[in-house]
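Have a look at the structure that comes next, please.
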């Protein structure tokens, strides 16, 4: 019996201590603001809507939804998305909302799982959102694709897999450049660097594998020698892959993987003395990755990315400043790109002049030359919004903007 | 229920020159037993004489090193345990092996599983048939329980029954398959005198119903009371056999036992204590 | 036991209730949750035979589920035949898995078995992810056709719901029949004491394999349903967490209780969604609830009340009751 | 040739990590007969407490931080033991315990996210740097890990054989009932064991920081592979753990030399299954 009480006290204590201290470190990472919002609204859509309406003194509230990976294996990603989107919404509301009515953000967590993503999408649709931001992963985007099509809700994913463009789903927009662009740009830049033999480290999931096929295609087309080594998410030791590359005698390496694996790659490539030029997936330009690497690890690496913090693009600079003011940290590409996506959605609603989902979708399709931190949004026939990406080089732990590549 | 067979002096279980070696140590050394039909045959001997090993060899739980086991003339050496059981050999265990989370009735019915031939898939859809089958099994189990005088306890959970009851219930479970032969591994160990008397009664009744018993026992009063024929093991070797009278007067047996009488008592105490732990 | 007491008309009543449920639900989101519950019920019904009745820890359910989903999905994709045939392939796959997993279960016991099954699950997932030629790899399989009868397609959540309700009813009926028959009894007795069962002339090897086969058939069928329901499957779904969740459902419903599986699946599928209003904390709260459940109501939450009652009663009667049992 | 040698070296290096993991959960297995499926999360907690709380937040000097981390983790271990292992090991089936630890794992993971935030990070000049022999390279961290792993095993063996508590632990490992009858406080003993195990976890956590960096999922992969290591070495036998760890580390690395690299993770699980079926007692274990 006593044991059982020990148990109950332990676990309740656990839960509460978290409830208690969850807040104060969270503010440093700035996550409390956002989840607080859905806390009210997800409980029962209408009441909270009424409350919000009362607050604005205007008849209706425009609801938009966010599917982010708050929990699960890559919570950071979800948190940054959340912050970016929240900021876009707040700015819109601060500017008097859309046609006088306030915008309300409903955040739902998919644990980076397909089925939960679909559940979340259904939940948001049920709450009557006009548009949905997220989910982030391409796989999750493909999972929700059918649902949002059926319900006819404009959805903005950041999944970069080329496969998404082939879905032919009018309601699924992409607020980041496709790997068709990313990876090809990376390969193209490698060629520019004068490489003969490209080696590719790719994460064997939707993200890496998708890019790998693109790069391979490019190399075949441009007569570059090509070799690739895959790894799984969560691997911690890449010696075999790197040694294989060394033996293959590649002169340029392209890495396409997630933050954690990227950092370890950087270290091991340096330690194992694979001294070649490196072009990397966007991760390397992100602060959290750079922080995990020693200067010498990534010095001189190139990264293709949609967001370069040091770019002097006015929209970006403005975004950066206000983000720092709001959350006390630097934004990175998840925050930036989903901020852009949200802006596009809000513009769409504004242009549509109504909250009719179809009208909004049509309006978003008309988006053209809309300036956002990560470039200019122009919707093409594949519902891809971003067509330009940037190449940056790391110089003493700072990504320096080199050039912007636009692919038509 | 098994009906009485007319008593012929044919051998039911014949064990010829079986030997079991656990690497180096010889547990059973070239023992031969010839058990006649419809008898109660006791196997006695001091601790470590290899009695339980014998049972495990007969039931195929342990592989023989050498020798031969025949049952009703059929060679069952090296058969799988469940096949040996299907030949018509039942068994109880020294440290009871029952199903504590099931009721007494269910415990006994498990013993009759093989009596119900219907397959799983058929059982799903043939509701009537399976219900009839189940009823037959149930009635049989109830009959057995009545026979061993535990009918009123049938719906109690096994783990809530006293040790003695659980032990006797194993005999009931064994009877469900109508075996010609039931091996009792120290049935009286850990039973108090009244329970022991009950046990003797149950065994004897069953004997009258035509069951034959091959019994390992320490408890002399039980053995002498009910067994027709006794084989005595000591350190894996057979030192004597014969009717209770002959064995009692066999001085080698007496020597083997006098040396270890106190051990006997300790042993009995142990099993009481054990019964409290389990 | 619990199972035996449930008369058939309860089941019918529940079914009727379930059939009327959609009329009170307008929101697709809740319909979807219900569909997920139905699918999970089938998996857990199967798992109940291995983990609940035979008492062997199986943490490879995700692997079984995945193989079911993929065999059906890929079959329909490559042959372009009806999903119903996909269901058949799934069942065949289930039989194979049952044998494949059953034999190890004869050799390894307890925690070793749980490690083996974990290994099985992981290997399945990694193999699916790393054979893109056949399975589409980590990109997953897209536009899997929904079930249909003749030209009638089961598209909306409601239609799916009624279809799956039928599936689940059938599955439940089978599971219930088996668990209440001599087979259920044998499975239980195997959990408690295999030697004794063997000595009653029962071939325990074939029994264990039977248990695993039934379980994996249930698992693969549910997998197939999942695939044709979602329309898109991807290996990363079928990870150890999924297997864990199924065991949790079983635990919440009560090990060995067939009817409990309904409750368990419902709770574990819906509770996290209900807790979403906790925002950042909903996962941790959910896990804590389950953990406390495991510690305090080992026989499932349904039994919690009865257990409580018993305790009080025994206090009063000063009876000595071995809590939890062996 | 150089490649093969390099692969061997890094394989051995990873192997010792697996070995440490195996040791840490084998302790708990021995004393409770339960598998601690939350061990990877406990490792992570150790790393976070050390790095995030003591080094980054309080920028304490490292030796002190290490000591404090050990103390905290010891307490955590004891709490887990009395909160989960002791209540759960009496249950009628080990399923509850397994599930309990898995839930604990999830709770810890969420706790880490909520308390320390989701941002992965690392700490500078902590066991960093490499040692080169000709073309071959091994990181200092790996060398230290090898040494620590061996020291831990020796220390544990001595502790088990020559101290009263240690002997008690061995009794409990062999037969709880008898131990209890001999007047050993089993529950308390389990607390101690779990505490020690938790401390070893924190050791692992600290040692892998320079290699894996610090994130909520830093220990996920070594968690499962640690199980394989334990089984292959001989379940419940500490020196076996090292052998098993080395075996897995080396084999999976060399396998990649022939197989495509993505199959690396499958190797350890396939080995696990093969061993469980063919030789459940592993290399050095007593018959299981």
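Here the chain labels run A, B, C and D in written order, and each chain numbers its own residues starting at 1.
Keep this in mind: a residue touches a chain if its C-beta (ideal position, glycine included) is under 8 Å from a C-beta of that chain, and two chains touch if they have at least 3 such contacts.
The structure presented is a predicted model; accordingly, all values stated were derived computationally and were not measured.
Engineer: To get from chain B to chain D along touching chains, fewest steps?
Structural biologist: 2
Engineer: Looking only at C-beta pairs in contact, point me to the busier pair out of A-D and B-C.
Structural biologist: The greater number of contacts lies at A-D.
Engineer: Using mean Cα positions as chain centres, tell me which chain lies farthest from chain B.
Structural biologist: Chain centre farthest from chain B's centre: A.
Engineer: Using only alpha carbons, which chain's centroid is the nearest to the whole structure's centroid?
Structural biologist: Centroid comparison flags C as closest.
Engineer: Return the distance between the CA-based centres of chain C and chain D, expressed in whole Å.
Structural biologist: 31
Engineer: Rounded to a whole Å, what is the gap between the Cα centroids of chain B and chain C?
Structural biologist: Taking the average C-alpha coordinate of chain B and of chain C, the gap between them is 41 Å.
Engineer: How many angstrom lie between the centres of chain A and chain B, each centre taken as the mean Cα position?
Structural biologist: Those two chain centres are 72 Å apart.
Engineer: Which chain D residues sit where two or more other chains touch them?
Structural biologist: 84, 87, 92, 107, 110-111, 114, 260, 262, 265
Engineer: Which residues belonging to chain A are in contact with no fewer than two other chains?
Structural biologist: Correct list: 4, 7, 11, 14, 18, 22, 26, 31, 71, 204, 230, 232.
Engineer: Out of chain B, which residues touch more than one other chain, so two or more?
Structural biologist: 101
Engineer: Which chains touch, pair by pair?
Structural biologist: A-C, A-D, B-C, C-D
Engineer: Given the complex with chain B, which residues does chain C contribute to the contact?
Structural biologist: My answer: residues 1, 173-174, 177-178, 181-183, 185-186, 188-189, 192-193, 195-204, 210, 214, 322, 325-326.
Engineer: Given the complex with chain A, which residues does chain C contribute to the contact?
Structural biologist: Interface residues on the chain C side: 27-30, 32-33, 36, 126, 129-130, 132, 137-140, 142, 157, 230-234, 236-237, 273, 276-285, 288, 291-292, 295-296.
Engineer: Sort out for me which residues of chain D touch chain C in the complex.
Structural biologist: Its residues touching chain C are 29, 34-35, 84, 87-88, 90-96, 98-100, 102-104, 106-107, 110-111, 114, 224, 227-228, 231, 235, 260, 262-263, 265-266, 269-270, 272-273, 276-277, 280, 288.
Engineer: Touching residues of chain A toward chain D in the complex: what are they?
Structural biologist: Per the stated touch rule, the residues are 3-4, 6-7, 10-11, 14, 18, 21-22, 25-26, 28-29, 31, 71, 73-76, 78-79, 204, 229-232, 234-237, 239-241, 243-244, 246-247, 259-260, 263-264, 267, 271-273, 288, 291-292, 294.
Engineer: Could you list, by residue number, the parts of chain B that touch chain C in their complex?
Structural biologist: Going by the criterion above, the answer is residues 59, 61, 80-83, 85-86, 90-91, 93, 97-102, 106-107, 109-114, 116, 120, 123-125, 127, 130, 133-134, 137, 159, 170, 173-174, 176-177.
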